[in-house]
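Structure provided below as structure tokens; questions to follow.
Should a chain be cited, it is by its letter among A, B, C and D, assigned in written order, with residues numbered from 1 in that chain.
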């Protein structure tokens, strides 16, 4: 099975999940009352939630690309692992809306923050699982993939799950701190990419 | 007509239908009242329905890929058969929502279970129909396609329609058993793929 | 500019517009009251409208593929013409919903039938306009495109606009007859493709 | 990293954002009361807003293609810049709906016009930023890209941000004039493309 169609399906889910996030903003402004100018300002958490989740999906998409670039073949187990990863990606608009909705009034933020963190933690677990499956014993790697690149990917993906699990557990003590952490993790990747992401790669 | 654009259109419909499933979960939590934490737990059937339908679409997509990999050409009849298959795929979020909605209160589950099963049965019929059309007399097969692979695909796709028809008819006696069967079929494919899906295929 | 990205954008719009049609069915069943089994049967026009519009989009997509297969290059005028065509395609779910909604109670069907027909007529005009632009003086055709294939495409696309315009005008006298005509046109293409669409084309 | 998957992700977001615009029209007609024929005429601003935003997204997509055609490679910074651009593209259906909703009754149009203009201004800034990054010092350009084409792109993209900023500021004095300007800018690109866009480019 070619990697091309897996990429097409994955790119579709990434693009749709990211674009559907705007429906949450739409729903938020529709629920309010009063002048539209006031409502547009009152739903500020929706804009931040939109940006954080969009960038997060963008980063996962970019990482997915990095992984696929190392692979020379795929099999049905790997396809299935991708379906589970994409199931988490497509799920993300749901907890994003919950957080945006409850960040506004600080009321009942805890369940929303736990739902968002749980989704991100499961997604990070799926991610590292499929990479370890593909790279373990060089099972699906390209003949000419560089061992240093491969171990570099492993090193940079391993912290994801514990990081998001920690942020999720923080929600038990302080939901607001937990939500700030989710934003900080996305911001960290943006800054890190801006500083270290200038190395160019040839297009095929 | 190239197979490439058929794949692009199909991958688009598969990806969108799968991603739209989250709107069902969204709608379910929006309808409840009470604390959000409680509502998030109360809609547990929506999560299971989301996962079962997402995995089901993922498996159909993966099978679609297997079929297309055997084809060397397509014609307008085959394109039309694909349009009918994709019409069923895009329809799936609708009965999925019905089942999730009525699984919660066990009330009126029968019509929902029948709608879900009917959709899956028609989809399985479309699937085997397009495969038989493509493979019959090797009409659309690649020159170098392996007869053993071809008959293997036929053998593994034939049980789909009777299996789903049976599960649909079970809903007449026990809707709950029928819904459990739909989940079990998806779970079977996941486990089967995990055990036997490790054979690798070269990417093109 | 390559034809590849135009195809990717077009395939995306075709796939999304077709898949969004299910939201209309969803909205219809949500509005009713009473037992779900009864509501599922009462919204039968939604299923027919879903199928007719899905097949219609599938046929337009398949024709778009036929056109693109004859082209060797594109320019900005042609891209813009495609944007206008896709604007009609993406618009189709809206009048589809109107027809389905008002077919149920036969009340106020005329405006819905006119809106559906107007959309299809404008789409057919956009279609023939972009084909005439591309094929006129062989402006964008491939070097090796067959003149007989080209004039065959012209012959088969020319009747579309007057056909849909006629069906639209019929709505002024009988909205129901007009809606039946829209269904009949889609059915005609399905039957025509089933009988004459068996000629195979090599994949690239 | 190849340019191909960036294009696939971008084309997906462009196609979905454009296709989701129809949901705004749908929501508008659903809110009204009275005969459907009357409501279909009353929501005329929704049709104009749909067309303007669809064409605008189509033009941005076409420009994105022009930019990608000049690039020989991408890096993580460029990917991130694209994620920010696409975040604006996916945001556009939201202010489009606000403008359409408030254009009808002229009430409270100012915040909607400001939101639309701000989105377009930020999008234009993202656009010129990613082009300057890619073309500056020929960082990501193809070896054989023509310096005249490159400086031509720079010249034609630079006015976008100040143009949209001006139209946004006009909303402070006259929201209606501002909205007319947004439409005029889209119309200008359509007419300009129709007149000067006839130069053909080879497909790859």
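Note that in this section a residue touches a chain if its C-beta (ideal position, glycine included) is under 8 Å from a C-beta of that chain, and two chains touch if they have at least 3 such contacts.
Keep in mind the model is a prediction, meaning the values are calculated, not measured.
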For the sequence-identical pair subunit B and subunit C, determine the rotation angle of the Cα superposition and round it to the nearest 5 degrees.
90
Same or different residue numbers at the subunit A/subunit D copy interface, by half rule
different
Can you work out the whole-Å distance between the CA centroids of subunit A and subunit B?
25
What residues in subunit B touch two or more of the other chains?
8, 12, 16, 20, 23
Please give the residue numbers of subunit B that touch subunit C in the complex, ascending.
1-5, 8-9, 12-13, 16-17, 20, 23, 71-77, 79-80, 83-84, 86-87, 90-91, 93-94, 97-98, 102, 108, 110-112, 115, 139-140
Per the contact definition, I'd like the list of subunit C residues that touch subunit B in the complex.
7-8, 11-12, 14-16, 18-23, 25-26, 29, 35-37, 40, 50-51, 54-55, 58-59, 61-62, 65-66, 68-69, 190, 193-194, 196-204
